[in-house]
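Have a look at this one before I ask anything.
Per-chain residue numbering starts at 1, and chain names A, B, C and D are given in the order in which the chains are listed.
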């Protein structure tokens, strides 16, 4: 058996740990051969591939990123994409494919499996933790740890200068990183995409924190929006240095609004890419490794069209379609629970 | 309502986060008063208590240890212990008690509840993650992160000198820390209390690693034992500097055996107390905070004789008796899974 | 003797370590009393003060920020400022003042000493490491460690997506943080305020890195400027969401220029306030502690109008005037040395 | 020109950074060729060598250990050792040698240079920071950071259980790691090899700390000794599990003595090898990189028989003989300064 492996979408700590586990068990326990496709679906689309054996995966467990490269290429948006992929797989004598990626990457895998009979097994990946089919995805714990450490650091600056510090974290559609890092970091306000926020209410929490002689930290997911968000976005439009329209991020916008309405100095920190790079946390290495081990076993079992998922402490299999069916957002009652720490 | 809180057993990152969450929700949402008992069950036994309000829990979220102190005092081993406790609770007008601790602390809470009608709610705590009633306990993730970071560091020393490095981690009865940190750290051998090990087999893995031109890391739980462990323990007995019998730990013993049998240099690192101290990981702060929030709600709901537990991503309630019913050990199949990385 | 202590300017990891060392030695070895003035020079200006004894400094060594608060208040810009300060000192029976701060704070101390006879000892503080009178200032090492860790993390993202990552670090007038973290993080281009840069040359280094099949990290100090910087600033001016003129930071601007000129995707990370908050590195705790010990000894010795400074491994005294006399910038030959790693 | 490079003695974070800097500048600026000798002096002794070009040094900057391996082999203790080395150098057409190591490794380089005309340049390396010719050696700052972080963690355990925690750190002949990490970690007692300690005095500090309602941390260098140390060592001798004499380390011994004399519970943590492994701190990467750049320039300048050294913020050259002439120990007055924090 010859197995192809690819990683698609944004990079995420733990991708290499999956690849390593797949190859180690595949070679040692099942006697498989491996081929690594480069840059997500671009690899099987163009034939770009690298050999993938035990020497190639030595030492990659603690490394962030992916040794196979990644891209957001969608073969169904390329002319004749699906057929070119099946062509590459036939040429390279690839019997099955392990696709490691998020909604988009796995969506392609599902279609290739359902419509073209490609024997795919999926491994879910999203730093945002917003896939409904699995309790957690790897990369998320690392991102939360990094954001929490940043919030820890910002507390002392906020207190020393009695300033508001707004921290913008990742999370376009789901507020998991904001919620977990905000709770873990002792933030005084947490804003998530799942619930539009009221700026005056935010200012109320900020003010009440100052009254208690402490300085507030406001954690805001990049996808969080005020009640009147559409208006805001229009207002926030400005010309950048090339004359293009430029939107301030919500963090920057919110800091200005807080300054304006409360009269307190406010500063923004946008954590950005540091949240998704670097060595994975122990939890993510463990989860990614277990996902890898179970994915190659799924291949051995012929469980195609499925992906691995975490349920409690067990790794189980679910249909690929499930992965992309529904966004896993922060439940309202969990978010409400956090509000006891606001203000 | 007036609620007592105590922390018992070994310290564990996250205890303060539980206390804070209990008090914040209890005061703000339910209007309760709190009293903190000092040093586990010694507090209600002797009457040693401190006021516990919102000012007392400010800023303690990121701090390891416990602001209430801890001890291993068991009131059922003290003369008239249970009666002295009910006496203190009556005197202090305490309506309910939240006990945060492991098997022993919660076992006392269960008996006080069942036999003396003390209104107790439990919060499970064990750094070893060996309580069967909950998917995870807080403190465990922090310990695994610390052990993993140490293993990361030891790899480079092992490689530079082509030495065996044996790392002894916590885990007297269950190998969770060894298994998770060993897998996350890329150890070449992992030994757990759940399965007696064969020293020659260990030496085989060590030798095979050297043949591949790499140096091995052996992670061993403090409670792991060789096949002929009882004999070993007798042999290992030596007189310490005060003339008392002294047992070498298993790590030290194993390093010597590996040296003797393989002729390779071997060194031991015993991680010890650093695994249980210091600031909790983001996951542990999150879990401890949620446990605290749900524990005080259990009090409000009159769910006495119960404790909070994690199931998947939900916090649920289980009878206190369950917590201590069965040790959660590493399942054999999960341990076997890890062996693909041995050698 | 009764000694006043204040901290001025931007916060910086290590301020609390100085305060603690001053008070510990002052109380224990010399029998002094202490008073802490709040928020830099605002404290003696308005009389805002807090008691400062050994209990107040317990446990503050590892904490970032300053327990005394800080501000940029300059008494010489306030009506009757100097006289109000001498008034407060007389009222509070303060015999001498320890001022911990940067150029501005120490400049005020120097004038108060020279013109009003206030008995001041200074402790230099700048996260930017740009005071010429001392080899290093505390806070700098912490900032460099944080920036280096961020660069470590960004490498894997850059490689996975074959993108340029631009990291903007602190340093308005001196490039020390950029230089040290850039070198330590293995950056491929480092840009400092001391030397205007040529965007085409930067693009050359970027392109050469891609040719070697790696992705470049560009570290840029916030104060670095292109050759034609003045023009750029004008062009970069844009209206923010409130209709005010807004300047893109140099990092954001540079990323866009690199994209435009090389056709490669580029992203910016602005590290911002996380560089100056949180627990100090071991080096900074050591340096701050030694500065504190020597500052209070300078008071005992009557060495007023002076400040402590690091020379090699020794703490020495230099006139306060020296601290502010000349900015310590990165010497050209040291910057040139780093260029061997560019591209 | 063809340059040999070797690393000798115990491993140390920063060795790879030196190798990388040597090769980068050597190849790019001077057009040199390189050869890497394996395992310290064993390499040129036996001819074991690896090619060393820019591809070999890619990505090694943040990695601990040494890609060249290390050993404590002393050619002057091998039959015909020096002649075999000059033979290898001639065979391999090596024009000059860069030896990176501590007292022993550099001592060999000095003799080879002085007695056999081998063109050597040295780079000093000792994690203990005990070379008198340089202000700091790389690896030291990393070790101090690791030890400080461990002490930070142990504080919370000590406080929660009101126990004494004894931390044994590296430092056989000099107490630099103990002093710096002890001061940075807020230890309550610091014991160094430079001054024999009195156990009763230690117990006095311990007791006074408990009286203030805090729990003490005692940091002890592995080479620290009580006043009556020789007796102690004899008493501490015990038979290990193989019937060999075994000495308890000073940390373990001291914890028992403190328990016996004060009646307080005491525990020991021996940090061991984790202090010398893993990724270097930013300071160490910077220092190692600068040492590497200046070492290859010394080769170009024909400055043989010399080594690079740090003086203030400058890298200078000193005769190799100086490196080994005198141990740099902690000056008594610096140690005395630290005592204000004892107890």
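Simple rule for what comes next: contacts are C-beta pairs under 8 Å (C-beta built on N, C-alpha and C of every residue); 3 or more make two chains touch, one makes a residue touch a chain.
As the structure is a prediction and not an experimental result, all values here were calculated from the model.
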Exercise. Tell me which of B-D and C-D has more C-beta pairs in contact.
Key: B-D
Self-check item: Farthest chain relative to subunit B (centres taken as mean CA coordinates)
Solution: C
Quiz prompt | Inter-chain centre distance, subunit A versus subunit D - centres from mean C-alpha coordinates, in Å | solution = 41
Quiz item: Cα centroid separation between subunit C and subunit D, in whole Å?
Solution: 30
Quiz item: Which residues of subunit D are in contact with two or more other chains?
Solution: 152, 279
Quiz item: What topology does the chain contact graph adopt: line, ring, star, complete, or other?
Solution: ring
Self-check item: Contact footprint of subunit D on subunit B as seen in their complex
Solution: 10-11, 13, 15, 63-66, 69-71, 146, 149-150, 152-157, 159-162, 165, 232, 235-242, 246, 248, 253, 256, 260, 267-270, 272-274, 276-279
Exercise. Under the touch definition given earlier, write down the residues of subunit C that touch subunit D in their complex.
Key: 21, 24-25, 28-29, 58-59, 61-62, 135-136, 141, 144-145, 147-148, 152, 180-181, 183-186, 214, 279, 281-283, 285-286, 289-290, 293, 311-313, 337, 340-341
